[in-house]
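By written order: A, B, C and D. Residues from 1 in each chain.
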């Protein structure tokens, strides 16, 4: 029986601690592959034969706990498996440099957590019982936490880790309260399915908000995002790839799962999701533009993409509420497809950025440049990811955004006034997000890989070894596949959408369009090929000279000195949105007494206003207050007796005046 | 007749509040022991020899002889002359005692249940409260033990208030409590006196956050 | 039967004290452990039976006794290690063992005593022995801590005695002269509420010193600071259970009357204040054992809340106190190992433990997860049940307040623990000089694993016992 | 197919006409209308110079840029003359296709490692980012108005009959004209004929391109103009007209458009650089007005 194998694989994870350093990785790989094969087989079975799967798993608090897989779970299982697989393959090369520094148990602990992050994510999408879900959800948070603080020698990393841990805990508290409230007020079984009873009889909005906050902290919607830009840079790249690629999607999964049980009063919920998502999208990408740390930049882009997914889901919900099937179908379709897409190109970007970090030992893009000559493959993969994440054809990011767009445009005519205005803002927002993403990725790609080196770090750099390129090839293949032949993915997608709305014939209507898109993309590539040939033919006859970049006649200095930096590239955007991104410039100006100016430093710092004002300040105030009043352990006996005396008297008085 | 002793007992509490000399505390304790004997003696309706002996041992022997003598030894061993200024001036302490007494009277009259003899209860309550107060205001662990003993005396009175139907075992328990408490505490005071060269509480507040 | 056990125990401890020979000590302690095991087994076989008038093998008593047995085994093991690694005189070791044995014995009698007065006496006795053990290292701090513990506990016990007297006042009016629980049950309906309230208030306050609950929690903290780690493990687990049992017994009597709501409110106040105290004090903490002590305060507060909330809260409270015993004991054993490396419990001195002793580090991580009630720890289940009970009983604001406090506790606790685990490597420590056998850590892993197992998939008999233990409450 | 050819033809003359008009106004002797074509042919005959700093990106970019715009022309119908490629929501594809071209040109400019080109690149990036919403809102309002979301049907069923709908037409044309200006970086956003690199946008990006690449870039620019011109013409041409009227109208409109551009360039001064963004955002505002008008026409907002 296949479930037994699954259990065995899970149990075997404990073996890692007893193995020698060198074979731990391979055992981990084998175990993970086994789990991937098992779960994927279930998922594929579910997606092919449009049925649901329910398998008895383990005894839990007296009951038996079932693994339940419907189309939504199946989809997420596949996404999780693919990204985890690429992650573990990438990890081999990435972790090599740590082998000397880390001990046997430490490495085992890391692999153990990586494996358990994978297992727990799978179980999160497979379990329905609320308590079990909370348990496994928190296990997921813990394992990812220990992965984040892998480089625990840096105290900064541990600080960030604790911040992450606390916020995850707050998230799980919200979920717990939400589940309990639903349980208490409806009296149904304490599980996801029990929610339907509550939602049937109550106004779903407020409970949904609780769930949204709980899941949104994991997903990283603004303003619940403040852990994300710190945790991703701190984590090793294969981890941040998996975290950003799939783990934050678990929040989206939760939101979708809860939405499945709500069948009335959806309009407000849709508006809520949509507004939050638009804010997340625009602000996420705006903050991304001003970052110099490449992984932090990518982290902010995760927020942006979560925003895009949210826009899709929000529009879908509004479509359900307003009974506009086309909007529902294409909204959910686009959103869910974007989950897959983002998991692909975001992990690709993190892996390539990780390779750069591994070779150059810096994440600050201001010190890089010209790497495309040193590590061409990595550069091209990064470019692929950049094009895809900017939603440009003919790559996968475009497809999902296109679905959302056409959903909006198609439903414009039939929708009501209010919905129309909402849609107006959504596609305006989506357009702005697209433009900003383009702005951001032209910046980061050209600063890292193009031009000339900005520091000596870059000189000795070489291309990473093939084991770190394999995952890039896998992901790249998927990106191009989705980009060129999206119809392959429409049939499973339609099944997932069918969970939300009944009539999915619009998905059939979109098929010819997608075919046309594939055709256009083909023609596009064809053109490029032809013209390339033409040019190479033309340039055979002519002389090709090489000479320095045109420098307004001045060619003396090192071109690196006057080429554009990330700061200067972002500057004109920063001027536009100074309030939002609040970049502080540190520069001491010349004074007139100074005849021969000394050398000067100029640096900019960006800070996240949401994080500062909504998270950091209040919590610091609370902690300071508590710290101040913590004066009871004085060390003097008579005080201790006094407490008892006061307690006695107070209770006595309260009782005497019937206050308790 | 019992009332006289009870009133006297109450006055001893005032003297506790008044006095600053450690020696006087010990004296007052032994006096309290005698008074307690009186209280019990005159509250006994029928003198059964065993009860009588037990009471005799408990009050006269333990409370007014053994314990005070032992405490005196401890006091000498630690060269205690006079207690430092208690953290609350004597004047206020006296007011507190009076208030405590009045309060306890009010409370017991408020209770006036037939289940207890309120005459004992009043003073017992006052004595317990004052004992706690005594500990709170003094900065010297010897005085703390004295306060503890005041509480114990209060408890003894309280057990009387409960009535002679109380099982012997409970009285036994009190006895054990007092002896064990005093002996062990005394031993520790000596230890502390030797180690810290002082038994002021300020020496004993290293452990804190 | 149980009297025989007491006699054996007393004989053993006296002979250990007088013989003062390592071998004899070992043998005798083994004998004692076997007798302890056998008496508990005997109790298990004679459920709900009155034994030698003042004792009764009731469900809760047996549950806690089993906890005591398990922890005694591990504590003896770790005491052995502890005494090996420090140079104490044979006399000191003899005193250590004899008083430890007496402590266990008195605690067991407290668990099984069916008469309030007897229970009170045994609790009084525990104070004496535990303060001897606290004083074991003979340092200034240990002297101070021992004094504080002894004095404040004595005051507490005195207060508790006042409570007992109040109880007997109303009992005697109903013609019950002995304080046997089953007699008190019979008349509990007709007891006068005012006296019951007084009794409960004083007993709660008095035994709070033992249970480590607000208001008299303060001395237990100091005791942890200086006591040998195995003893700290005992103080904050089984001894706290003793205090809990003391409060629980009187609570069961009250539960029969309509004073219960008042009593529950008082418990809620005490519990909230305890959690609050530990939350704020943990922010200033500078010493690892004090940190664990304050976390015990927090957990006792949660237990009190569980009792105060009622409903499934009762079940959760019992579950919680059992799980807490295992986890906290494991943590204290582990901190003893940490001390081997750093020779200090101060947070500033201790860092980078995970590199030095990875297996110990793992056990600390597991303990951290368990003690902070983060899944898969069993404590999560119990805390979850308590929160659930709060919502069911419409104590929403209390629930929110507690959850906020718990979050703060998690923050400060994990901050310090990760300072212990990670952070800059300390070059000055010579690891090879320290011979920590990895097998020493097994006991911790077993305890934590036990908590996880009992939390996720409790065996039928376990849940039945807890259910049976709280039947008197509803 | 016809529409494609028509656009190509008009593209050839477009820039020539503009220069002619400007020269006329400046009372200068005018070059032939086909002068740009001669230049391009000359460029095709030339070799190329590459900076050692540049990489493959620099070589591939102009090709992708050109092909993107060439493909974009496939989507443009003229009156009742169908476009070659057409599907629902093709203008999204159209816009993003131009995006690809921009992306490549920008990183190509950054590839040279020159300060000037970086300057041009990030201005280009900023402006194209700001112009996106205007285009989409305009497209959206037209889609809302004619309940179709592909260029073909959109313009086929775009019947401007009521007075209000003329407002849409006019406003749309106005916005389109300026979008075209921004996209081709002409006046008032950018002055192609300035001689100060610091004030250039598009021209400065292609400083290092030469030979074949430069030729491609020039042709791409013509095509862009022609595309926007034909988009504008579609607002005027009625699909019910007979085909030759449509063709004539098309050329007339293209001519007028180019003359307008010329006149604008001749008389209007370039914006200050930091004024450009809000000026571009203004276009989005206007297109929102168009959207509201469309809402009124479709009776979603009832006014009386």
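Rule of thumb we're sticking to: a residue touches a chain if its C-beta (ideal position, glycine included) is under 8 Å from a C-beta of that chain, and two chains touch if they have at least 3 such contacts.
Worth saying up front: this structure is predicted, and the values here are computed from it rather than measured.
Undergrad: Computing the C-alpha centre of each chain, which chain sits at the greatest distance from chain C?
TA: Following the centroid criterion, the farthest chain would be D.
Undergrad: Tell me which of A-D and A-C has more C-beta pairs in contact.
TA: Greater number of contacting C-beta pairs: A-D.
Undergrad: Roughly how far is chain B from chain D, going centre to centre by Cα mean, in whole Å?
TA: Spacing between the chain centres: roughly 101 Å.
Undergrad: Quick one: chain A and chain D, Cα centre-to-centre, how many Å?
TA: Each chain's C-alpha centroid was found; their separation is 36 Å.
Undergrad: Could you grab the centroid distance between chain C and chain D? Build each centroid from C-alpha atoms only and quote it in angstrom.
TA: Inter-chain centre distance comes to 79 Å.
Undergrad: What is the distance in Å between the mean C-alpha positions of chain A and chain C?
TA: Roughly 44 Å, centre to centre.
Undergrad: Listing for chain A: what residues touch at least two other chains?
TA: 630, 633, 635, 637, 641, 644
Undergrad: If you look at chain D, which of its residues touch at least two other chains?
TA: Residues of chain D never touch two or more of the other chains.
Undergrad: Show the residues in chain C shared as contacts by 2 or more other chains, in ascending order.
TA: Those would be 148, 151, 155, 222, 281, 284.
Undergrad: For this structure, enumerate the chain pairs that meet the touch criterion.
TA: Contacting pairs: A-B, A-C, A-D, B-C.
Undergrad: Contact residues on chain A for chain B in the complex?
TA: Of all residues in chain A, those touching chain B are 630, 633-638, 641-642, 644-645.
Undergrad: Under the definition above, what is the set of chain B residues touching chain C in their complex?
TA: Per the stated touch rule, the residues are 111, 113-116, 128, 132, 135, 141, 144-145, 148, 151-152, 155, 158-159, 161-163, 165-167, 169-170, 173-174, 176-177, 180-181, 184-185, 188, 191-192, 195-196, 204, 206-207, 209.
Undergrad: What part of chain C is in contact with chain A in the complex they form?
TA: 148, 151-152, 155-156, 159, 197, 201-202, 205, 208, 214-216, 218-219, 221-222, 262, 265-266, 269-270, 277, 279-281, 283-284, 354-355, 358-359, 361-362, 365, 369, 374-376, 380-381, 384, 387-388, 391-392, 399, 403, 407-408, 410-411, 414-415, 418-419, 421-425, 456-458, 463
Undergrad: Taking the touch rule as given, give the residues of chain D at its contact with chain A in the complex, in rising order.
TA: 44-57, 60, 63-64, 66-68, 70-71, 74, 85-90, 92-93, 95-97, 99-100, 102-103, 106-107, 110-116, 118-119, 121-123, 125-126, 128-133, 135-137, 139-140, 143-144, 147, 149, 197, 207-208, 211-213, 216, 274, 277, 284, 288, 291, 295, 298, 300-301
Undergrad: Mind pulling up the chain B residues that touch chain A in the complex?
TA: 87, 132-133, 135-139, 141, 144, 201, 204-209
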